[in-house]
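As written, the chains take the letters A, B and C, and residue 1 is the first residue of each chain.
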Amino acid sequence: MRHFTHIADLGVDGVAAVLDRALELKACPQRTLFDARVLAMLFFNPSLRTRVSFETAMLRNGGSAVVLSAGQDTWKLEDRPGVRMDGDRPEHIRDAIPVLCTYIDALAVRCFAGISDRDADEQDTLLRTIRELATVPVISMESAREHPCQGLADMLTVREHVGALQGRRLTLTWAPHIKPLPLAVPHSFLLTAAACGADITVAHPPGFELHSTVLDEAARYAQESGGMINFTHEQRAACAGAEVVYAKSWSPVEVGNATALLAQHSDWLMDLPLLNQADVPARFMHCLPVRRNVEVSDAVLDSPLSLTVPEAHNRYFIQVAALDLLLNGGSDA
Amino acid sequence: MRHFTHIADLGVDGVAAVLDRALELKACPQRTLFDARVLAMLFFNPSLRTRVSFETAMLRNGGSAVVLSAGQDTWKLEDRPGVRMDGDRPEHIRDAIPVLCTYIDALAVRCFAGISDRDADEQDTLLRTIRELATVPVISMESAREHPCQGLADMLTVREHVGALQGRRLTLTWAPHIKPLPLAVPHSFLLTAAACGADITVAHPPGFELHSTVLDEAARYAQESGGMINFTHEQRAACAGAEVVYAKSWSPVEVGNATALLAQHSDWLMDLPLLNQADVPARFMHCLPVRRNVEVSDAVLDSPLSLTVPEAHNRYFIQVAALDLLLNGGSDA
Amino acid sequence: MRHFTHIADLGVDGVAAVLDRALELKACPQRTLFDARVLAMLFFNPSLRTRVSFETAMLRNGGSAVVLSAGQDTWKLEDRPGVRMDGDRPEHIRDAIPVLCTYIDALAVRCFAGISDRDADEQDTLLRTIRELATVPVISMESAREHPCQGLADMLTVREHVGALQGRRLTLTWAPHIKPLPLAVPHSFLLTAAACGADITVAHPPGFELHSTVLDEAARYAQESGGMINFTHEQRAACAGAEVVYAKSWSPVEVGNATALLAQHSDWLMDLPLLNQADVPARFMHCLPVRRNVEVSDAVLDSPLSLTVPEAHNRYFIQVAALDLLLNGGSDA
């Protein structure tokens, strides 16, 4: 049984295979891929794109989806092992997950980072525990460490709208926000781009480093794929040579000081001049949702340079391909 | 691409065509009308009839529906243009709607009137903006100005249970309530009945006038269809000659004074004697939900004169017909 | 038209027939049992197993399900007859249920016990009223008095994992909890086991008696089936000779004094020594959700003696069989 919760489940070759399969299924939709199969989608956090793109990935291919909001549709779920459960969470994932799996063919889970403890987030304990308890394939809809379907959809979008990924100049730039955000999306962009052999520049203010374990993993992928990763604190220079600029906010290393650190760097707002530094302007990407005029200006988001809509659309194709891998082995045979 | 958010999208001939198509589909259900098609239903407000009748309209005809509660399943959605999004709404409809449309075949939206500003409600900015942003057909599940599927279901019910609509004597009467309610339902009843050529009497206390722009639109339809519209402040007389009495509460023009105005007219409670003034008693209609014994007495709602259940059932057939129009062009060919 | 809301709807022979049909459908799944049929699931309370097992029962057999949370997706529902509805519940079930039924083929309802009034809970007024108002078959997803699909799934699990039910030694033991819980599950275990001819021991502290009307009903079933029912206040002795121990917490007769009474009996925590008193240890069952280390120890729940996962899985098969009975008459012909 295969799971897909982290880019490490695929590795460099697996990333390429899913991208190829997604393009194949985009060109030739196969309406019976998931006939009579049921995906349960368990949300610990809200969603728009992820919810609808996963649900329609099942519905449009002969399957169906059961959508569950933990603690709202279901009981609040306890996840700490060995506790005396006398608080406000009447059911343990140790009971809920094996039971849920008996009714379904695959399980999709969304559980965001807590943000207050970076190392805990990197360890991704909740998702990894669910994965261990599950008796059907588990797919991530974003967890504390990564948002792997987002990373794959990002690369598919670059490949379609800019060109082959090998050596492609991609800049990931931090963006301002009103509050500290998870690192899952920048982590996944970095890991996936590295696995695809891109020439990556990561720009952020001092103190906003990504998690070192993820950086090490990305470096290994880059070495294997022939990619490159550079880091800088200079946003303008980082965008100057880029073919694609990917903006995203994330929390600082010192979360306790986040409010001050965020306020200090509100000038990292992504605006059009950053994209228009070369003869060929850079294309713009963002995973959405985006706070307009806080993270990114209206001018950027409403310009023809923005790829946010096709990028979100590609979530659907990536997820059909990933679910095909988990449920059918991913081949046509 | 066609949308259906207001009666003006159909006009007099279009209203007749949807009613005919609904009757045709009611007589001969076609189980594959929406094969492999997905409707997203975006709710800014709660629902029972609308939710289930739209969802089953897709499910019973080969399609499926994705149900989204804005700000609950999804992020809270900002709709004001050009704002710096530093408040509690992390996603803009300008991003959310185009993305959502990439996954689906049609979009149904419910966004109630705010009530505090009549002219803003009449302008229906949120629904009209969503419609502009959408790349798939949009259908209204009630917005600030109208509830057009309700109006059509009302006319279908009159046609089935009373007879042909031309010249039919229909009375719309205001009813008491514990709080000011939107004008969408009375607006839609009036517009649709006028488009069908009915002989309409609208009864309400002074100060509870419907919106003048809607009255003007209804007058144009009546002129085209050969219908009539009269207004009165006398509930009893208005019901005396009616073949159908349609009760509904709505807010007064001076909303700031609503509590006092509502309390003043609690004697407009719809009760059996109002229906039983002629040899043939009037049939009773209401869109539901209804506050029993505040708006309408138990005696009326539980009497055989009440058409509320078949009226609600007809929502299903109208919506199958309207979705057929949007998704298939509405013809059998 | 048949309903299934209480074990009395089936009687001794009907219970056996549903169990047989569930085993038959488990051995030979029939993917088109509910083709084009729609089940509405109306929840007044949250759910995990019930939600997913009912929804997949429809989805995996060609049908579909519409899931409604009363007061969340829908309006808050009033159920008192004859009231002036000027409170916070804008729709009456007297209007909502007949309307809902026009869109669907069957209606599943979950409405938990209020607990504060035992006799009111036993009378099950809300579910019985819904059943009277409904124009399609109604099935219970747990109401104040019973959780009949749970009881049937429990018996199916015993039959599969321990053996034929006639004379089988089953012990139902009260378990501690942090708050008073409904009696529906112990009621249904008792009624169903009695209908199956089991040799039942019910153990609970003094003051935690089940409802006398239910006890009388169970006694009648036991007499008809050749079963036995004994009661005791000694948990250890009750478990000593059992082949199956079923643990569940429920509220005391004097609910006003529940906190003190619950605290007094925290030593009824189900632990391994209670199961391991004979050469062949007893199997363990619980309907879930379970508060680990309050009701039942981790050691029990994680031991191979526990049947909680197959027990929950059997909810699916029981519900397919019960829905087949309601929608198709339950035969293969």
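As a working rule, a contact is a pair of C-beta atoms (placed from the backbone, for glycine too) under 8 Å apart; a residue touches a chain by one contact, two chains touch by 3 or more.
Everything numeric here is computed off the predicted structure, so don't read it as measured data.
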| item | value |
| --- | --- |
| Interface residue identity across copies chain A, chain C - same or different by half | different |
| Angle, in degrees to the nearest 5, of the Cα rotation that carries chain A onto chain B | 120 |
| Between chain A and chain C, centroid-to-centroid distance (C-alpha), Å | 41 |
| For chain C, residues contacting two or more additional chains | 64 |
| Of chain A, residues touching chain C in the complex | 36, 38, 40, 64, 66, 68, 72-75, 78, 82-86, 90-92, 94-96, 98-100, 102-104 |
| Chain A partner contacts - residues on chain C that touch it in the complex | 31, 46-49, 51-53, 55-56, 59-60, 64, 67, 69, 178, 288-294, 298, 301-302, 308-310, 312-313, 316 |
